[in-house]
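Okay, so here's the structure we're looking at.
Letters are used for the chains, namely A, B and C, taken in the order the chains are written, and counting of residues starts over at 1 for each.
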């Protein structure tokens, strides 16, 4: 009765393959098969953004993405942002330094979207940044310090002076 | 883990057609942002799915030999917004789908899925109606093209035959040429929102920009399916753009639209904002076309 | 003091930023069984029967348990400290599953299965037959004679009625020439919306039950699970890992008792019970919708002569925190704007809605909305400026409340308002905006609040903690006041480092995870008390630890105890500051002493018989698009006097979150119910309008740091206060912009459409034609 499929993909830079239940969401696969528990479940219908991961460089809510669609894709989770020797990336450090973290539950999803924004190499206006980050709900921070962390890192990466 | 009876994965359009004929009860899933949510809610639980998501041939925007804009049905909203052809010929469509849900939803959501689920609140639908888009369906006997107006049968039901899948949406050159449009989404918050009402207006001005040669307006959520407003359009066609005209034009939509009372919004409220949005959208469309509101 | 008062980064920041922090779901062992709940799809009924046969036949379903299987042991759920006085104990009106369904979403059965899909299928396959009963959703209607009755023990649906009397209201209002300002103010049912839903898992170990739960209050949950299962409390072990927010929802026993019972029904195998977002909205707790009726009598010189306040609190189906919330709301009035003649009444009333419990602010966002709306209308009735009227009437410096023992030691209100007015540029903008007459108009509003820090003298206030000197000179710290995202652990680390004399707050290892078998008993995270109450016991335990360290140091250094101090991790001689030995040397020497080995630890309990006023205000600037019925908050500032800040950056961050919640409360959030069926209509994150990243302006948080004399660290409440005054400030700004006073929240486009139509600001001629 159960239907399984062998799924090959690249997760956080490593080629992997596993037999996956075709009924699984990508969240299920990442959490249960690969123990990547930074992928959080807050609604399971694509409304909160806690399960957000990057697939081929774009942000997706993994809860409403079938695991079988991961075939051949490059997937990145928060676990993949830290360097192999345990050093945090600049955006992770900015979340700490700007007090952009409280309960921490929305944090992984937010940081992955921020990673996509920053890797675009573009300088966004405040309104554009707010829109790009609007796929994540947070009840602790009022988004204020998250905004500051992303904006500061964007300016720093582009070597520009920040204007707040 | 979804309560799914079976999953059939199509690798090509022909494969999808074969699977549809083999599994008539199965539901097609494109990006899944509606189907999977319904499956989790219990509405579609225990059902079979045919996934067409991996058919890359259905992605991308191009100009066909007649210079109609051709949007592959699986093109995601974010790719439509970023597409240079869309930006050049029908920027309003890119702006409209850039207001769907959230960035992540715009990465998974497809224009095919947005139209095939037949809901009136789809952010793409009013603009596609206002541009008289053509829906391309491919079945065992080949390709069928129908106007988007005819594609919508009733709320939640569209004209797809048992052997077909939607393969593209076309915007005819005659619709987009020299035409400028504006879309206003009314929501209760600024992101992660279903439209309370969506209003898309486009205009083509005369060479001297003194006359509205052609005005089109369409709404989402002003009725059970997306709809055009012929009375309002007739009011504006051939007229000189002005604040007074915008007011008359906007007032005329009341004769065309048919919103309903629901817990999301009352009919009276939807009518009220429909008029205001028509006025503002026309004004903006005229400005984009280089005209001035006298 | 140099370890506190600094913006240190969070002690849990690295793990949270790297994704390795473990929440309850990340700790569930593989193979745990899934528990799914069958929720009633009717607002009020008796369950006649449940046919479980189809569900039981589904492969993977292990067991189906219904409301006919549960023990008849009623239990309370409120996260209040236990009271030895039976008259002061919480109302025990809950069963694990219910035959008497009291709201749409009530729990009637569970399916336990080997996997998620089978559990969900099982729930859908249950056939429940009901004997329907009439239902009631509205407080006033529930109080009418002949209304549907929810609980036999509470006739007329009244859970409780209390009053406050001061002077002689009836005599006072006979004074000639008084101006009467009367209003009814409605606040909505809203939900906490922490991003991590509640969930837990349970298993048996050596004959006892272990529950790992997303809760704010592990020690209280232990007691409630014991009560619900009829087991000695010590048979229960609750483990609380990191949690993804709580905001009061998790200050209640949610599904821990049911989950614990389920493990006992499957031979102690591990069972997991994960709430979906939809369940969180409907079947956890909500904020009380409170309706207020206020009559204020003013003298022409702006003095409040008399005031009458009636509060009607919608409790929903079960008692939970019950009357405590509206009692707190009512109690705020006589102190906020003291006047000689007051008559206040509060009722808590059962209705067929989801149970209301604790939520950030505990009655104050409701009270503040009503009070500050009415006060605004008073100012306008007198033709006085809003800000000036408040300055004239608000609680003065030196005000003392005999019941709580609180004193307003400083002129905090006026200091906060002055700072807020300066930030928002009150005078200038007020003048400028008064000229707006078009479709788009701007306005400025102000609102204030006060808040009690802790729960003394209503309930027990106790705090315990343990400190252990490690061999490297660091200190491991445990206490029962929990980290729920607010940053408590970081504040504790700073206070411990300060009190013991360590070099850095990084030298304190806070055991964030509470385990009721191990962690010193504390009451958890609620009220706005963690930093305040933990401060007392931290100071006390640190003194004990220091005493032990210095005694040992005396043996090693032959210096008198009184001649030594601990500074930055070194034991120093006081008269010349000479370093004598490091804490590391001392710990190693003590531990490995072959004759008198010593493991240096300290533990103590402090009963806090104190409370403290916390104050603040919001100034909001709005832009109203009248034809579109839309409000945009352009500028907003909260100013708080919460005493000395232990960590300014964390304090500021906490204020942002509260301001965001207040903006939602004012403009968009509301759980709505179908009048015909009682069914909740928008219990999901798409239809419930929580503010998104695009719905806020910059949030400005400022402070007035008046040291609180009762606190060892000069600190007092901040957790909840930021959520209190935002909504009325926005309401008053909309009034300022448009002249339309709106006496309910959320002030969403539907409400604005109705109100602007009534006020003649918008006019749809076609509506008359139809």
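Here is the rule we use: contacts are C-beta pairs under 8 Å (C-beta built on N, C-alpha and C of every residue); 3 or more make two chains touch, one makes a residue touch a chain.
Owing to the predicted nature of the structure, the values given are computational and were not obtained by experimental measurement.
The chain with its Cα centroid farthest from the Cα centroid of chain C is B.
Per-pair tallies of C-beta contacts place A-C first.
Distance between chain B and chain C, defined via averaged C-alpha coordinates, is recorded as 43 Å. For the pair chain A and chain B, the distance between C-alpha centroids works out to 29 Å. For chain B, residues touching at least two other chains, in rising order: 1-3, 190-192. Looking at chain A, residues 23, 44-45, 47, 131, 133-134, 136-137 sit in touch with two or more other chains.
The set of chain C residues touching two or more other chains comprises 117, 685-686, 691-694. Within the complex formed with chain B, the chain C residues making contact are 115-117, 120-121, 124, 627-629, 668, 672, 674, 681-682, 685-687, 689, 691-695, 748-750, 753, 762, 764, 766-767.
Residues 1-3, 42, 45-46, 186, 188-194, 196, 251, 254, 263-266, 268-269, 271-273, 275-277 of chain B touch chain C in their complex. Interface residues of chain C facing chain A in the complex, by the touch rule stated above, are 7, 9-10, 12-23, 25-26, 59, 117, 192-197, 242-245, 247, 276-277, 484-487, 649-650, 652-654, 656-661, 684-686, 690-694, 696, 698-699. Here chain A touches chain C in the complex through residues 1, 23, 36-38, 40-45, 47-48, 50, 77-79, 81-82, 88, 92-93, 95-97, 99-108, 111, 130-131, 133-134, 136-147, going by the rule given at the top. Looking at the complex, you find that chain A touches chain B at residues 3, 21-25, 28, 44-47, 49, 52, 58-61, 64-66, 68-69, 71, 113, 131-137.
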